[in-house]
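The first chain written gets the first letter, and so on, giving A, B, C, D, E and F; residue counts start at 1 in each chain.
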Amino acid sequence: MRPSKRAPDQMRSVKIERNVSNHAEGSCMISFGNTRVLCTASVETNLPPWRRGQGLGWVTAEYGMLPRSTGQRMRREATAGKQSGRTQEIQRLIGRSLRAVIDMQALGENQITVDCDVIEADGGTRTASITGAFIAMADAIAWMKERELVGENVIRDHLAAISCGVYQGTPVLDLDYDEDSAAETDANFVMTGAGKFVEIQGTAEEAPFSADELLSLIGLAQKGIGELVDMQKRVLNGETI
Amino acid sequence: MRPSKRAPDQMRSVKIERNVSNHAEGSCMISFGNTRVLCTASVETNLPPWRRGQGLGWVTAEYGMLPRSTGQRMRREATAGKQSGRTQEIQRLIGRSLRAVIDMQALGENQITVDCDVIEADGGTRTASITGAFIAMADAIAWMKERELVGENVIRDHLAAISCGVYQGTPVLDLDYDEDSAAETDANFVMTGAGKFVEIQGTAEEAPFSADELLSLIGLAQKGIGELVDMQKRVLNGETI
Amino acid sequence: MRPSKRAPDQMRSVKIERNVSNHAEGSCMISFGNTRVLCTASVETNLPPWRRGQGLGWVTAEYGMLPRSTGQRMRREATAGKQSGRTQEIQRLIGRSLRAVIDMQALGENQITVDCDVIEADGGTRTASITGAFIAMADAIAWMKERELVGENVIRDHLAAISCGVYQGTPVLDLDYDEDSAAETDANFVMTGAGKFVEIQGTAEEAPFSADELLSLIGLAQKGIGELVDMQKRVLNGETI
Amino acid sequence: MRPSKRAPDQMRSVKIERNVSNHAEGSCMISFGNTRVLCTASVETNLPPWRRGQGLGWVTAEYGMLPRSTGQRMRREATAGKQSGRTQEIQRLIGRSLRAVIDMQALGENQITVDCDVIEADGGTRTASITGAFIAMADAIAWMKERELVGENVIRDHLAAISCGVYQGTPVLDLDYDEDSAAETDANFVMTGAGKFVEIQGTAEEAPFSADELLSLIGLAQKGIGELVDMQKRVLNGETI
Amino acid sequence: MRPSKRAPDQMRSVKIERNVSNHAEGSCMISFGNTRVLCTASVETNLPPWRRGQGLGWVTAEYGMLPRSTGQRMRREATAGKQSGRTQEIQRLIGRSLRAVIDMQALGENQITVDCDVIEADGGTRTASITGAFIAMADAIAWMKERELVGENVIRDHLAAISCGVYQGTPVLDLDYDEDSAAETDANFVMTGAGKFVEIQGTAEEAPFSADELLSLIGLAQKGIGELVDMQKRVLNGETI
Amino acid sequence: MRPSKRAPDQMRSVKIERNVSNHAEGSCMISFGNTRVLCTASVETNLPPWRRGQGLGWVTAEYGMLPRSTGQRMRREATAGKQSGRTQEIQRLIGRSLRAVIDMQALGENQITVDCDVIEADGGTRTASITGAFIAMADAIAWMKERELVGENVIRDHLAAISCGVYQGTPVLDLDYDEDSAAETDANFVMTGAGKFVEIQGTAEEAPFSADELLSLIGLAQKGIGELVDMQKRVLNGETI
């Protein structure tokens, strides 16, 4: 029995609210249960130096947690003077994932920076970040299209992410904080709308896992990401979810 | 004529929503027009070393802006590796102001850290932060009182803050970003419920100001802070504003 | 009774010695009682990148305290790896104040950097720094004028600064360290030769202050700064004070 | 055809030389083809503060590349003033993997720090590091056992790692630098002697990958890690390979 | 012919003014020609952790240059966020030299920190620093003796330093900035009152030097340091030089 | 009697293995007894900005110790976030020494960076580094000559370094760690093939040293460096030593 009473393959309630920022070219607030992440996409015409002059664009991401997004107040990274290894790992993952669905030639010599700031954390902040970052990025690209800064087909496919894990011997979908802290295995999947894999990261927290368990987790992820992509499509069509 | 069509002594619409965090002992989202700041107060039983063993508490504050809270994306301070001089100046101001209305003996050997994170910026982020931080701190102290961690009268008085400035020759109350960028003089006032001053910071941006102008600004601040303290009282009484 | 036996509106003995550096284009050693600050102004033809190509100059300042300028040795900021929030706050104040009396167009695309290094501290280091920095800057501009690097009227007015405070219930002028540590309220004023305000920073250290107290402090500051500007004029005329 | 002419499921020549350090309690030089990593395991009786008093040990790892281990000289991280995100990601992976096969209770309140320093890089440095780190750690634990600092069964199982990828449409084992730079997909697997998974990290570099491709990579990893574990056993039995 | 018209074995005019700080337990301003260094010695009863509990004291030094002590303004190290390699090298040298003439057992568990801050630089700042630091340290130890914090004989011998160099083929004593910039060889000597060596650092700037040249430099240093030690003795006896 | 039973003027066994790196333009592994240093020389066509456009080349060096190159594991400098003062001192010494034997005009606008990484430390790491760095640099320059990037006579002379010290009252050559820790005096000499001095650094560790002792150390260094230069010549002629 999961602490949240959910069925093993049941995700938390997901909400995505678009256009939550007056300034950003694209933005959304995404919730996976009590986890809430503010995603803003900023369009810049200024590429990093190493990327210039090749006719290609760039997409990058930064991730942060507000100090009291967690049960215990965390030290502010700006005060500590550096981003933790975990933060860097996550923001590298978000950026890499977003780039996997972008046609850099179609984007032209523009940069999109997506900021994912965790307002409240209850497990799954990186997967909520990726799923929301895609919406913010899509809106920023629509903003560019309206201004004829880019043409069609900059985005090749949808992108969403979900965590799975083995909790008390059972493979389950979309771990919340209580499950995540106690899971034997924790895996994050990033997939496209077409059902292909962009990233898989599986870690044995308590005990190494078998090939069979891995296959179960893959199956759960395919189901969950299918649902997330459906939601993304409805949200981008203007539905409220 | 102000860009926002407001009368010279008219504040922007102010909203304060309490209890917006599942984790923090006290929290609110405060808006001064389009400026929105998330304030969370965290209770810690652990004092900084230099404060221990004196029977006194401590209140401190940290301030941050989300990278895209502004019209142009700002560099994330955690990435830059340090807080800017401006950030440090503001968070020192917030902490100093909050301490001015706390009876440290009544607080006992506890620390309250208030985080003020700017979600969206349109001028006046430091004054909104102080006004909201007071609400978050008050709720955290109420939380402590319920658990008998402190007694009565930890808070001596209300605390609120407002900016004033000379804009196109006219003293005006509560500058928004457009006014702030063009003001000849910019001043921030922090005052108590009893109408006493906790902090005054006035800066000639374009032209030095006269004693008469200063007196006008003081008058505007007294009016504005009076209104803010009224709102704080209604909000803490459970009204929705 | 003030610890120094001074009358409430009596400043400490002030001394300004010009041309104390063989290298700097302008320099002075300024003393407010036992507080001594070495101010050097360096002329550079190289503007910061964001300021270039506009036909405007720039004035900036840096502030530091020698480790044993204080009663207890302080940690050297170069060893600590960063300037404290207090240091940054003060050097931003000095720079902003100096800029308020400079005609940037008349200065042309030149930069003046004023370094204020506290040799010995006994309260009022920031106000002594501003008052001395003005002299060093004026001498550097005279140096430029001799070399026809600038024309007339780069400096619009004199600039000086003084602290005031409420000490044991009485408003007093020019706090020394003993008074500063015990003052209920501490305020710093930066004013021009014409008696206009450039900066006001008032802080309730022990108890919030009333509008009446504020007016008294303003009156003291006006008197003190008047005396300082007189001294500056005599010093720049070649008198020894 | 692979640039190295290897068959798709063929690893590079692997060498492990034990006891290459006079100082470290356990050490080896491991080569995967031209990739060479020096692994040293240091036994310390001093645990990190958060781990003390629980009767449990700790294993951690650090990773570095010599500046000219690569084709172009890389900037030295000690000069840059920080470890890159990639370095932190890798050393966190090594440490997490090693901990998965250690009985922390059996280790007692001791810490083992394994340093993996890349002497020469030609792809696969993280998988060579993990495979070699296991040997160094095993020797350090044997050193402790001889001195009766620990009992039996500190190590629960073998641990080795290998990379796989999709190169020109074909799943291949153990990518060298030329393949790694051009691979469509790159995955790293960490597994135990019993054939269970400790970590999976798969990344679509050029194109998202299908479930079928993922299964092929898993199969290759199982074969490769089986061979590596066999070598580890022979090396720990005193054979020279 | 030296630019300063001095004879090859002639030092610049040396001045030492004691007790120039109100706060420091020992202090002096030392000049070697236009090079001026403020040396303050601070007595602390708090040893660094690694030195505690052995009945031994510690002497350490820090060195800094004011930004405009040089012909071109240098970047402030506190702003740069770190001390340069040169600064660290010099302060390590000063500390090591001072420790060579101290009986650490006689000093007891006390620390003396000597700060050498260059007010004006014209070559030879490190040797002036060492020579002045000895005076400041001696006065601090006298201060301790008066308070019976230490007994007799904490100081074993005098300590002074001088630079020599080969300038246009001629060995010369006490290089000023013009000579230092053009010297073929530059050497710094630290010696005791008894004429023994504490440090020798010789560097070929333009051309490697012969054993004969080295012997000439040693001879010059012996002469110069003899004179400096004489001055130190007179100064500590209360003479004004 | 030396701990190693060596005669006072006897060096440890020295080995130099060339071309140990697949990537570096020049490289060697050098051993002085148990001290082993990997030296790699990297040719870059990119000069530091301040050196450009003068028709002159540049040679620089960096130094590092692997964390477990020492008896106790040292903290990794990349983790600590900065190079220690000792590291900077040593790498500045190596670079300065190498530059003393290079004709910068003949090198042209190219840079050579020599990395000296200590694999195992047993005293004398800086002198082994300099001696090995010369070989790596010489091979990198030969590599450039083959590609006609430079002409003849870039290298003016050989360069080698050795330590000497006074150990239990006796001047001895080439201190190992046991001797170095206990020596009264420690000196490092860098000399050319022609027997001229490039650097001398002598430090009294326990007791100031006399002019006679200094002369003995100089004599030992001359002997030792003569032997090292002979070895360098044989190695560069292709002999294995």
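Operating definition for what follows: contacts are C-beta pairs under 8 Å (C-beta built on N, C-alpha and C of every residue); 3 or more make two chains touch, one makes a residue touch a chain.
Protein names from UniProt, one per chain: A, B, C, D, E, F = Ribonuclease PH.
Everything numeric in this text was worked out from a predicted model, so none of it was measured.
**Student:** How many steps does it take, at the fewest, to get from subunit D to subunit E if each step moves to a chain that touches the one before?
**Tutor:** Step count on the best path from subunit D to subunit E: 2.
**Student:** In this assembly, which chains make contact with subunit B and also with subunit F?
**Tutor:** Looking at subunit F and subunit B together, no chain touches each of them.
**Student:** What whole-number Å value describes the gap between the mean CA coordinates of subunit B and subunit C?
**Tutor:** 28
**Student:** Taking each chain's centre as the mean position of its Cα atoms, how many Å separate subunit A from subunit E?
**Tutor:** 59
**Student:** Mind checking the centre-to-centre distance between subunit B and subunit E? Centres are C-alpha means, answer in whole Å.
**Tutor:** Their C-alpha centroids are separated by 51 Å.
**Student:** By the touch rule stated above, which residues of subunit C touch at least two different other chains?
**Tutor:** As it turns out, subunit C has residues touching two or more other chains at 82.
**Student:** Please list every chain around the ring, with subunit E first and subunit F second.
**Tutor:** Following the touches around from subunit E to subunit F and onward: E, F, D, A, B, C.
**Student:** Quick check on the complex: what are the subunit D residues that touch subunit A?
**Tutor:** That would be residues 82, 85, 88-89, 92, 96, 100, 157, 187, 191-192, 194-204, 207-211, 214, 218, 222 of subunit D.
**Student:** Of all residues in subunit D, which touch subunit F in the complex?
**Tutor:** These residues of subunit D touch subunit F: 21-24, 27, 34, 38, 40, 42, 44, 62, 64, 66-71, 73, 76-83, 87, 113, 115, 117, 119-120, 122.
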